[in-house]
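Chain IDs A, B, C and D follow the sequence of writing; residue 1 opens each chain.
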């Protein structure tokens, strides 16, 4: 099931979504990453981020609420410590980057231009940091500026990752008109769990986190369907609750070009390979 | 994940011992845990420490606290479930092997310590597998348990009255944050001779998702991969 | 559990959400509506609407996707045929209205001023009509204009119903600053179901519908929590997957003043009364 | 909803007859249906026509087509489920009582017609409870069924060869849209002497949610409340 995305060959449509697979080293101990269509890094930020305090994981029916807070050791450490490992893999690496302003994004993109990574994904939709993409999207002018500047500099195809807590159709239009080559849909929508038995009944220190897993599948499918209706030719990395071959086919059916798996890796690191073997 | 079969289940009120038959030998070590899930579940699997592994049999000691533990408690002989593991660093890989240890477990926290005492009796000075209620004895009949309701005190109160037990020895603790805090509040100088096994809500359980952080002197570590056992004076349990 | 909302007494916090309870006549054959804190009408539009063709209901795990399309017999018919019945009830009636422009809203509000209804709810978030509230929200200026004008004319407390496919915090600010007295959160977010066995695998003629039921509860709770954090004093009618007493308490805990039940009525018309008896 | 108990379940491949014991008499009439749900389910209940009601026993004929029907098919004797109803207009309230009728059921669509023929034999000219496969006979042993695989034709083809059966009589049809369309394509002039029982995806099942529309000469009506039985020439089955 080879797929061609903007001239890049993916040996199958399955990619690991940003986050749950870390930067690959740990996951590679469980599965052979080279069997994947692609691997997305955990979102890299310019400076290191310590992430949110525990708890970061709240189980819900058919899904999870996470509040990781983009823990990562920063862009320079990524280049030095993680990229050499990723370069060795025989799979397409997608670099997910997050930032607070146009300068940070541009610095990272410039440096990624000289690497082997195949696609750059701007994470403008992380639900778990107080400032960052999530708030950039609320400012349409800032969004335009960042995407325009990023696409000007980037020598790699540029994807923008959006969530559902925005006017999706309008934002998709804005980012595509300003030079994005594709969209990643969807990031985890904001969710809250209340545990009435606890002294502090609203779980998670920020009061909410991002919801992943099969519980968001109907929402994810509709986002892709709606965007694809307006932009029939756009390449989309679709994700949200994919845990089976049937799920993959459903995402392809509504118009995804590649299909990301996040939660599914947490259920069972072997799951993406089982699906690929079955496609 | 691997399919395993329920071979024995001993339930008493909110506790049960679950023994499953596996298709292979996992060679798990005390302190390690498995992620368990039900067939056809779309939920994440959940972590449980090994209480014993013998050939193709794995045993867990589980407390019913919510919907998942409720559901596995109602599995019957011959029913299947899914497991993956073992995960986490074996206790034996972390501790100072020149010392002997008091093993202090609270509730299900006793599970890995029960396994430890069986595998490494030479490293054990004494054990306090503590539970509040008497009834637990009926499903762990071969073990000497510390029952708060019988002793009329908590294990930490007992140790205050028997401080000689702690002399020249380390401690390995596994239980609620309340238990750990009460122990170190009472015996602050034990901190640099002790190890704690931590619990944290887990996502992947296998070091991928950054879901189970603990602040340590060497930065943020993952309980599932770098722990669950840590040196007591190297972790900050108050990060919030 | 009496509740006071902007000076109006509700005998308990339970209201029927707009839609699944129709305009009350049918539901009143199953339960005594007078036991409810309140009853919200199905959204009324200026002109009659025939609604969407079948299927309108797609079952999903822990929820439903609906594509009713605001079937209703129009505002005048509401005044003549439904309101007299609702007036007889010993419960607070909330009139949900939907429209395409400021004139339609104003006409309806003027006429509702002379009735016994207690609250007017502007449905600006129906996922199932091509034009209407959903698209009004995409135009912040139009939203401002409608809310400002509506609140000027309305002699009843004015609530605005929002969904999650918008920048919720920003929109909440806009509608409250322009005179809304409260918010209803949340309307059904857009969802798609794909049935690979069918010739036409994307279910529903519009390709998506609105998702209701327990599957959206974490999202609904987070919307209320986030808005309440910014506007601690605002009155909120919270809803989204409430099917038990515990659910009601969770919604109250994150800051809802009243709690709406929609899907729960479809599961079992008796459910709201069972919950009230248990509170 | 009312709690009922499974009293009998006869399964053959993808069909089963489910009989439940109820705590009260519902006095359901042929053509009416109940909404069924599993205990502790967070899904909506689903509609099933009554095939028989006798005292405190209700019977349904169910085809396994998806996850809900799969799950109820695996309930055992004594298991509980939830029902509410009866809903819908009894066939007897809608039809012209001066006529006699051919009852044409397709698959589970036969259920309400089986009940009808038992309650109102005087209104029945003939019955065609049609199923594709032979095996269905083993769970409906007392009935004369029309088995496509035995007859080597569909019931509509059979009627074309035996048109006298339709002379001076009405028809009551219950089955897939395909069956209804093929019947009226073949016998267009039956449209004003026939009644059709419609199926539509249901939400509330009880006239509240506007979820189950059908276009009629008198405007949009709800299948659950105004039907499921309608006069054939008054509904537009092609509304899309």
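Following the convention adopted for this analysis, contacts are C-beta pairs under 8 Å (C-beta built on N, C-alpha and C of every residue); 3 or more make two chains touch, one makes a residue touch a chain.
All figures in this text were calculated on a predicted structure; none of them were measured in a lab.
Enquirer: Show me the overlap between the contact partners of chain A and those of chain D.
Expert: Touches both chain A and chain D: C.
Enquirer: Going by the average position of its CA atoms, which chain sits the greatest distance from chain A?
Expert: Farthest from chain A by mean C-alpha position: D.
Enquirer: What is the distance in Å between the mean C-alpha positions of chain A and chain B?
Expert: The answer is 35 Å.
Enquirer: What is the distance, in whole Å, between the centres of chain B and chain D, each centre taken as the mean of its C-alpha atoms?
Expert: It comes to 57 Å between the two C-alpha centres.
Enquirer: What is the distance, in whole Å, between the centres of chain A and chain C, each centre taken as the mean of its C-alpha atoms?
Expert: That pair's centroid distance is 33 Å.
Enquirer: Could you list which residues of chain A touch at least two other chains?
Expert: 61-63, 214, in rising order.
Enquirer: Of all residues in chain B, which are in touch with two or more distinct other chains?
Expert: Residues of chain B touching two or more partner chains: there are none.
Enquirer: Is the chain-to-chain touch network here best called a line, a ring, a star, complete, or other?
Expert: Graph shape here is a line: each chain touches the next, no loop.
Enquirer: For this entry, which pairs of chains touch?
Expert: Pairwise, the chains that meet the contact rule are A-B, A-C, C-D.
Enquirer: Which residues of chain C touch chain D in their complex?
Expert: It is residues 19-22, 26-27, 30, 42, 50-51, 53-59, 61-64, 66, 68, 71, 205, 213-214, 243, 263, 265-270 of chain C that touch chain D.
Enquirer: For the complex, give me every residue of chain D touching chain C.
Expert: Of all residues in chain D, those touching chain C are 1, 37, 42-46, 68, 84, 200-204, 206-215, 220, 225, 239-240.
Enquirer: Would you pull the chain C residues touching chain A in the complex into a rising list?
Expert: 60-63, 65, 137-138, 164-170, 189-194, 196, 201-202, 207-208, 211, 214-215, 218-219, 221-223, 225-226, 229, 246, 249-250, 253-254
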